[in-house]
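Before anything else, here is the set of structures, which you'll find just below.
In the two complexes that follow, subunit A is the common piece, with subunit B as its partner first and subunit C second.
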Partner chain A sequence: MLQGSARPLEYLVPADVAEAAAMKAAGALVLAGGTDVYPTHVGRPIARPIVDIAGLDALKGIEVTHDGYRLGALARWSEVAAANLAPRFDALRAAAREVGAIQVQNAGTIGGNLCTASPAADGVPNLLTLDASVELTSPSSRRVLPLEGFLTGYRSTALGDDELLTAVLIPRGGDDARATFLKLGLRRYLVISVVMVSAVIDFDERGRVREARVAVGACSPVAQRLRALEADLRGKPADSLEEVVAPAHLAELTPIDDVRATADYRRRAAATLVGRALAACGRDR
Partner chain B sequence: MSADLTTTLVVNGRTVTRTAGAHLSLLRWLRDVADVLDPKYACGEGVCGACAVLVDGEPVSSCIVLAAQVDGARVTTAAGLTGPGGELSPLQRAFHEHHAAQCGFCTPGMLICATAMLADGMTRTRDEIRHELHGNLCRCTGYQQVVDAIEAAQGAAQGAAQGAAQGIPP
Partner chain C sequence: MRQASYDPPTTPLDEDGQGAPYAMFGYGAHLAEVEVDIELGTVRVLRITAAHDVGRAVNPTLIEGQIEGGVAQGIGFALMEAYVPGKSENLHDYLIPTIGDVPEVVSILVESTDPIGPYGAKGIGEHALVPTAPAILNAIRDAVGAPVRRVPATPEVVLAAVEAGREGSD
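Moving on to the complex of A and B:
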């Protein structure tokens, strides 16, 4: 696909992951889908070399493995939305259809969404409720970190200077769990989330919660699992989940006042959306 | 960071090779280097859809894609939907007939995304058309006439749209 003869140092095309990681370690800016890189450089040049990883086949595709699912870091949102995945991925797929517009979903990647580490990244709460891990690869090593450990703060990650995020890993099990994603924005489309909620609920044969995973995004520097709520949901019948939610379950959230909403509004909206998401999972069972 | 890079794209069926800044967006490459002026620069951050083009048949926001990243690709802009003799595609004709453009700035992107939408030959409701066009903002006529035009063109546009989505001029 790349056929230009001139190949200046400002635009680097690595042959493999190790070479890409070495170029990054030497100071190059990693470019995959580009949907975050360009908006952060409007009106000013990109003042360092770009390493274009979009051609690395090892980072592509969505596949079932022995251990679960492997989503290549270059999996684009439109691929995630269209992928033939189990019901527990429904929330992630719903989020994939809410990331920007179709033109953005055709370019933006799941790996980029995680590396940008925005508090409002639509992918994050849904990957937290899937118990996702990330695979990080350097020229000399490979390690796997839980997503919660990878995201360390506001637009901050545990990615080393010489590492690339190469895949998102979802463990096996609970494929029939019900999953719901709710996003609150100031309009229906093309918005940065004010609050978002992801819920993945695995029910037993009697319709009681076997395992619940709930995460809230855009209400703290990094989206958070609500583990106290998850514990209280265990064993509850499908039609009563909304009633379980109490203010204390959201105490760990630290929403802020900004141009989109006040902290108080965010906290109330989060409680409402969590209840709705749980009710939707229960109805869907 | 001004070193140049040679990039070749097949723009509306024509092979174009240019040497330009290695960090140029596809939109800047098309407009400033290759003199293809129908995709418009507006938001510059992938929100408004005015710069949408088809890259190998898929709509993308050309302001947030590097030209170098799509080296070798087939790029279709709104002008490329028109036939060799200047005849309008069914969708373009429907936009004309339904007065779906006022200032016209969003129109090239609207035409590109609507062409991609209709390429599957499915018939959509007005709500579905609105939903799928959510990445294209218009700040003057409103969307009523745009939806009218796309609704009228679906079916009629099918054949031409499929050709365009494959990068084949109608």
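Moving on to the complex of A and C:
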């Protein structure tokens, strides 16, 4: 029985992306896998309509395109983990197996992970090291933003009120790069990261770094690429990458003290994990 | 109609705090094998061997289940469970062990004769978890050379012990 002021929840099922975007523009809450929507509403009734986009086929699937790879916003973590992708996606696929538990991986979507924009989102550092962009679609337009431009701060994004994140785009090239993801949490599974590191390293035929991309998550409001380190890694031999890491390379991280760890610990652990991730990529070559 | 009751024999404590507050005592010992990552301070429990005096083992499988459950709770106590009022008041922030955190548990049932318990059985509900955390903390001390005096022994706490152990050996 509904009491006094309680109103029935309006549950909207759009026919296509444009309609979904229009519903969102009119104030509806977007629901995809629900793994972030649900925990943020425990004990707090949802006061606005819900637009359930989970049935939109245009947002599904992982495909190879002319420009690279297109991961539909509704691609679930378990799909990413199982996808037949090039070695440079190994870190992303490892992260897909570390997000929550298997039940969460079966429901949670890559688009949702990015729109929630948690500093500890396991997908983000790995998509940063893949140079990912996001496709944003409104009822009347479509634009593509680099992921770094999309994530603007703690749980904040550049997504417009009338826009949906419809796909994650990964450019072509460097498919044979080695990729490692390391996640540190306070228990083995089902845990929010204290620090995480993603490294994607492309080696030339002599075993020297052609291009390196390294990102650290949970140590700043938005996961960050370590561009100074990436520059210093260029040309270095595969077996000595760990030695390149210096404290200055991590200077831009701004970790905080919280219930899980102190800022000092995070900074130290980040340096250790960056070194290990690089060494793993080098060994793997 | 008949009624019956049974109250295990105990005596109140005297002015010196002496007496028999419980009718029986179970004894137990745990041996913990752990691996410490000395750069990160993370701890992986590799195996717990748990010997318990259970009186008569009326249902050994049930007892092993109790011991395994107690060990799991003890691992949580040792390594991750931290109640912070206002912060960890849910199972998202208040961590308890998952299947990935609990290793093989080798149970050793030590049968003894107890004149008081039913068919000679003793309890195994609580004391299965009492020795686990001290055993784990002592194993960490053995590995890093300095004691850990705080629970939970989070990576940060363990890393401090690693450093104290290094200074101690210099």
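The rule is short, and it goes like this: the second predicted complex is superposed on the first by the 276 of 285 C-alpha atoms of A that agree within 3 Å, B and C clash if a C-alpha of one lies under 4 Å from a C-alpha of the other, contacts with A are read in each partner's own complex, and residues count from 1 in each chain.
Keep in mind that, in the parts below, contacts are C-beta pairs under 8 Å (C-beta built on N, C-alpha and C of every residue); 3 or more make two chains touch, one makes a residue touch a chain.
Owing to the predicted nature of the structure, the values given are computational and were not obtained by experimental measurement.
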item	value
Partner chain(s) touched by A:189 [first = subunit B, second = subunit C, both, neither]	both
Which of subunit B and subunit C A:39 touches, first, second, both or neither	both
Touched partner set for A:102, first subunit B, second subunit C, both or neither	first
Which superposed partner A:50 touches (first subunit B, second subunit C, both, neither)	first
Which superposed partner A:265 touches (first subunit B, second subunit C, both, neither)	second
Which superposed partner A:247 touches (first subunit B, second subunit C, both, neither)	neither
Dominant toucher of subunit A (residue count), subunit B or subunit C	B
Subunit B and subunit C footprints on subunit A, overlapping residues	39, 188-190
Residues of subunit C touching subunit A in the complex	39-42, 79-80, 82, 84, 87-88, 92-93, 95, 97-101, 154-156, 159
Complex contacts: residues of subunit A adjacent to subunit B	1-11, 31, 34-35, 37-39, 42-43, 45-50, 52, 54, 78, 100-104, 106-107, 188-190
Residues of subunit B defined as touching subunit A within the complex	1-8, 19, 22-23, 25, 44-47, 49, 52, 58-61, 63-66, 68-69, 71-73, 113, 116, 132, 134-137
Residues of subunit A defined as touching subunit C within the complex	39, 184, 186-192, 194, 259, 261-262, 265, 268-269, 272-273
